[in-house]
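Shared between the two complexes below is chain A, which pairs with chain B and chain C, respectively.
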Partner chain A sequence: MRLELGKIEIRDIQFADRTYIGDHILYVNREEIEKLVLEDDKLLSCRLDIARPNEAVRITPVKDVIEPRVKVSGGGEIFPGVIGKVSPPVGEGRTHALDGCCVVTVGRIVGFQEGIIDMSGPAADYCPFSKTVNLCVVIEPKEGLETHVYERSGRLAGLKVAAFLGEAGRHVKPDTVEVYETKPVFKQAAEFPDLPKVGYVHMLQSQGLLHDTYYYGVDAKQFVPTFMYPTEIMDGAIVSGNCVAPCDKVTTYHHLHNPVIDECYKRHGKEINFMGVILTNENVFLADKERHSDMVAKLAEWMELDGVLITEEGYGNPDTDLMMNCRKVERKGTKVVLITDEFPGKDGKSQSLADTCEEATALASCGQGNMTLHFPAMEKIIGMQDYIESQIGGWAGCMNEDGSFEAEIQIIIASTIANGFNTLAAKGY
Partner chain B sequence: MAKYKIVHYLNQFFGGIGGEDKAGCLPEVREEAIGPGIAIAQALGEDYEIAATVICGDNYFGENLDEAADTIVEMVKNYRPNVFVAGPAFNAGRYGVACGTICKAVEERLGIPVLTGMYEENPGADMFKKDVITVRTGNSAASLRKSLPNIVNLIRKMAAGEEILGPYEEGYLERGIRVNYFAQKRGAARGMDMLIKKMKGEPFETDLPMPKFDRVPPAEAITDMKHAKIAVVTSGGIVPQGNPDHIESSNATKYGVYSIEGMDSMSPEKFTTIHGGYDRQFVMKDPNLVVPLDVLREMEKEGEFGELVNYFCTTTGTGTATSSAAKFGDSIGKKFVDEHVDGVILVST
Partner chain C sequence: MWNIGKAVIVTNNDWVFEKYKTITHVICLGTYEEVLIKTRDLVHNRHHLLTHPQASSLKPNQTPYRSVMVYPNAADDTDDNMNDIILIEKCLEVFYQWQEIAPAPGKYTDNVMRDFKVIDASMIDSVIPRIFI
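And then the complex of A and B:
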């Protein structure tokens, strides 16, 4: 599969009487978007707001972050099986991305697992979305809505808006065009016979009950490990439906911008031969964990991979899947490097992971989420601060009267995201 | 006059009192630098003064831990030092434990920065390196010359309140404290660098050497269930409505003990869950899913087991530090031993 990813640089978002892109500015017709969101009768109201880098603005509770994209050619539609048609598959042809802007869904919490984006101040250093221009879609669910129904409404609202805005870029000439290609397995192996064959084991959050991810619309806990062309993910084949801890939430934006896939392509043909992605999940049943880690190892062996990078989403329970995958893949003779974040307690002295194995000799740290930080009061709150004390990372009494608070950095969206997106890392002192 | 005052701790041997035969000697103070203290004072220069040296026998300290620590802390207090230094103990085990113990006590009770030095295989190093900055030394006193610059540098930094850098920069044993920093490259790039080296068979350095877990062997099976006293403990975050003890929804720092006396089931009006790691909806409707009181009461009535303890212990398991979990476990375990509980149903979520 070969994909041309055209990036249209977006420097600002402004409200206007129609939705279009002009001179690197995304103009948005407010009423149009609000109407689109309120097509869902589960939602009572929808309010739009814009947050820009360096503003004294806090967005919370954040559900998902999505970059607007559009499928220009090659078949398929963006977010297949969820917003776009499920068939044909995506990952080929041409896609345009609105680079530098995001859709952020906000609203009262579904679970405690929704976090914060600060557009300035100390927390901004830890959050990738403090550097993007964000169109915030603040939704209000109908009274008494069941949590799973509310979660679904919020998830679809964000994706719908992102797909809608992406359309504005369909006929715009991109500022840059990047080309990514992965060939069928035998051809790919033959292309760089002297380079080590490398794969990516991508573990999707699938603990269930508000910890879900969707692949072409399939709930990830319902599939067995499979192969994916890396370019599929760039067209939204995977979307986030989860409410894991904010700090290691893999938002839909992060699926579109998977850093491991990006890194593999950067080294492809030079230091490694990037063979593709083994997609797996993190189910809670032991039988699933055993079966799926066996299958991951089997796929790695079948593709004759020399090495794999493995990432997880979440912490605690998925650490067992991470270690099972590591052990079994290593035992097939494939070298493994793990990428993950750490939770060693407030004093940093406890065990960082919930499980270990002796094969886990190489691990790239994405930082530890228990470090505490002062969050200053902001001039403007998009959403509400009503839940800070019970959101993950907060605690009873952490909120001050002036709107400032103390919290662990795990309350910040994607601060320690366990796929190596950020430069944050932890070391032993 | 010196700007900074130091109090130094030595055992009977380095303090010049004697060898093993004097290991029982009681703590005493000398207002001068002695033994390795002389080298430390010289290297520190005239801005620093070892105002006093406390000497204590290793056996006395080891056999009278609390008393020795109390006495020595009082002795140190009188001099109001800027830094307290113990040892180095090199590979002397009892001496290492004494240095660690007294450093920890001085820091905790007097709030004075403390420093010791040990060979990494000294048993005292494992016990105290988490709490006390322990300069890496060789296994004998002959190695003092090598570690002296690190000791002196750290004393200066502590006296001036300057930032202490990592274990490799400063030459102390890694405390096992995980500290965040912004790396040059993002995690995915660092991981790829590591993988390329690993595939080539070249040396690489992991960010996190795998820890060794404290595995607890399961207890013997209960042979007489009919008379067994059973308790419920959960990490599922079940608390009375309103969460009276403010247990956190992640990384809990406390557990709660709540009565179930006179209840036949967990009523959703009385109990809820504050756990941040799972979907709470079903449990909020029916807390018996996590604290199975309804079934346990039936079994108790039918005589399947002797008696249900009339309270349950609860905390949040998600993101909770292992050190907190171990602390909760010890404390709950002690309570159960005191109350002759025979078995525990540990409900995780």
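And then the complex of A and C:
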């Protein structure tokens, strides 16, 4: 599959009487978007707001972050199986991305798991979405809805808005065009025969209600491990539906911008032969874990990979999948490097993962989530601060009367995201 | 491979108890820690873990609820359960580690408690169809 990804640089978002892109500004018709969101009769209200870098603005509780994209050619539609048609598959042809802006869905889904984006101040250093211009879609559900029903409404609202805004970029000339290509397995292996064959084992959060990810619209806990061309992921074949700890939540934006895929393509044909993605999940049922880690190892062997990188999403249960995948892939003769974040306590002295194995000898750390930080009061809150004390990273009494609070950096969206799309790391001395 | 009637659910979530008490054996306890300790006792006494004792990725000092499914070893099963024993002991160790980082809050608001119950129950809900195969 070969994909041209055209990036249209967006420097600001402004409300206007129609939706279009002009001179690097995304103009948004507010009424049009609100009407689109409220087509879902489970939502009571929808309010739009814009948050820009360096403003004294806090966005919380954040459910998902999505970059607007559009399929221009090559078949398929953006977010296939969820917003776009499920077939033909995506990953080929031309896609345009509105680079520098995001859709952020805001509102309480569950009281403890949605996080914070600060557009300025100390917490902004830890969040990639403090540097993007964000169209915030603040939604409120009707009374009495089951949590998972509302989660679905919130998830679809964000994706619908992102797909709608992406359309504004269909006929705009991109500022840059990057080309990514992965060939069928035998051709790809033959293309760079002298370079080590490297794959990426991509573990999707799939533990149950409110902890799900979707692959072409399928709940990830319902599939068995499979092969994916990396470019499919750039076209939205994977979307987030989960509400795990904010710090390591892989938002839909992060799926579109997977840093492991990005880095492997940069080195493709130079240092490594990037063979593609083995997609797997993180299940609750231990028999599923054993079966799926066996399948991951079998796929790695079948592709004759020399090395794989493995990423996870979440803590605890997924650490067991991470280690099972590591152990079994290594035992097939493929070298493994793990990428994850850590929770070693405030002093950094406790064991930082909930599971280990002796084959896990190489690990890239994305930082630790237990560090505490002072969050100053902001001039404006998009959403509400009612849940700070029960959100992950907060605690009873952490909130001050002036709107400032203390919390662990776990509360910041993507601060320690376990695929490396952040600035934290650990170094050995 | 499995008979749902033989599975044992150890829980402190009354929603799980009410939902599954007529389908299989459910042991309802008071706290997260008691659930882990009872699970450990069962695993040491010839039971396999069916579900991961830290399912949901909620840290052990965040959620007050925990449900775990175990299954008795077959009569001719010579497995020493060592993998299960290591896993549940590790989970207990991690539980105490998180209590040292910050003790679990004694009380959340009703709607937050409800959300924790929903998520914990969903872990068991997702496994039941796998056992009915």
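Assume the second predicted complex is superposed on the first by the 424 of 429 C-alpha atoms of A that agree within 3 Å, B and C clash if a C-alpha of one lies under 4 Å from a C-alpha of the other, contacts with A are read in each partner's own complex, and residues count from 1 in each chain.
The rule is simple: contacts are C-beta pairs under 8 Å (C-beta built on N, C-alpha and C of every residue); 3 or more make two chains touch, one makes a residue touch a chain.
All figures in this text were calculated on a predicted structure; none of them were measured in a lab.
Overlap between chain B and chain C is detected when the two structures are superposed via chain A.
If you count the residues of chain A touched by chain B and by chain C, you find the higher number for B.
Of the two partner chains placed by superposition, chain B and chain C are both touched by A:346. Judged by the touch definition given at the top, the superposed model places A:390 against both chain B and chain C.
By the touch criterion defined above, A:147 reaches both chain B and chain C. Of the two partner chains, neither chain B nor chain C is touched by A:121.
Once chain A of one complex is fitted onto chain A of the other, the partner contacts of A:205 are limited to chain C, with no touch recorded for chain B. Of the two partner chains placed by superposition, A:84 touches none, neither chain B nor chain C. When both complexes are overlaid on chain A, the residue A:315 reaches chain B and chain C alike. Once the two complexes are overlaid on the shared chain, A:419 sits against chain B while remaining clear of chain C.
Of the two partner chains placed by the overlay, only chain C lies in contact with A:288; chain B stays clear of it. Residues common to the contacts of chain A with chain B and with chain C across the two structures: 111-112, 146-148, 207-211, 245, 315-316, 343, 345-346, 350-351, 370, 390, 392, 395-396. Within the complex formed with chain C, the chain A residues making contact are 110-112, 146-148, 205, 207-211, 221, 244-245, 284-289, 314-318, 320, 343, 345-346, 350-351, 354-355, 370, 387, 390, 392, 395-396.
Of all residues in chain C, those touching chain A in their complex are 48-52, 54-60, 62, 87, 90-91, 94, 97, 100-102, 105, 108-109, 111-112, 115-116, 118-119, 122-123, 125-127, 130.
Per the touch definition, chain B reaches chain A in the complex via residues 130, 166-167, 174-192, 194-196, 198-199, 204, 206-211, 213, 243, 246, 248-251, 253, 274, 276-281, 317-319, 321-324.
Listed in rising order, the residues of chain A touching chain B in the complex are 111-113, 125, 146-148, 196, 198, 207-211, 245, 259-260, 262-264, 267, 271-272, 306-309, 315-316, 335, 337-339, 342-353, 356-358, 360-371, 390-393, 395-397, 408-410, 419-429.
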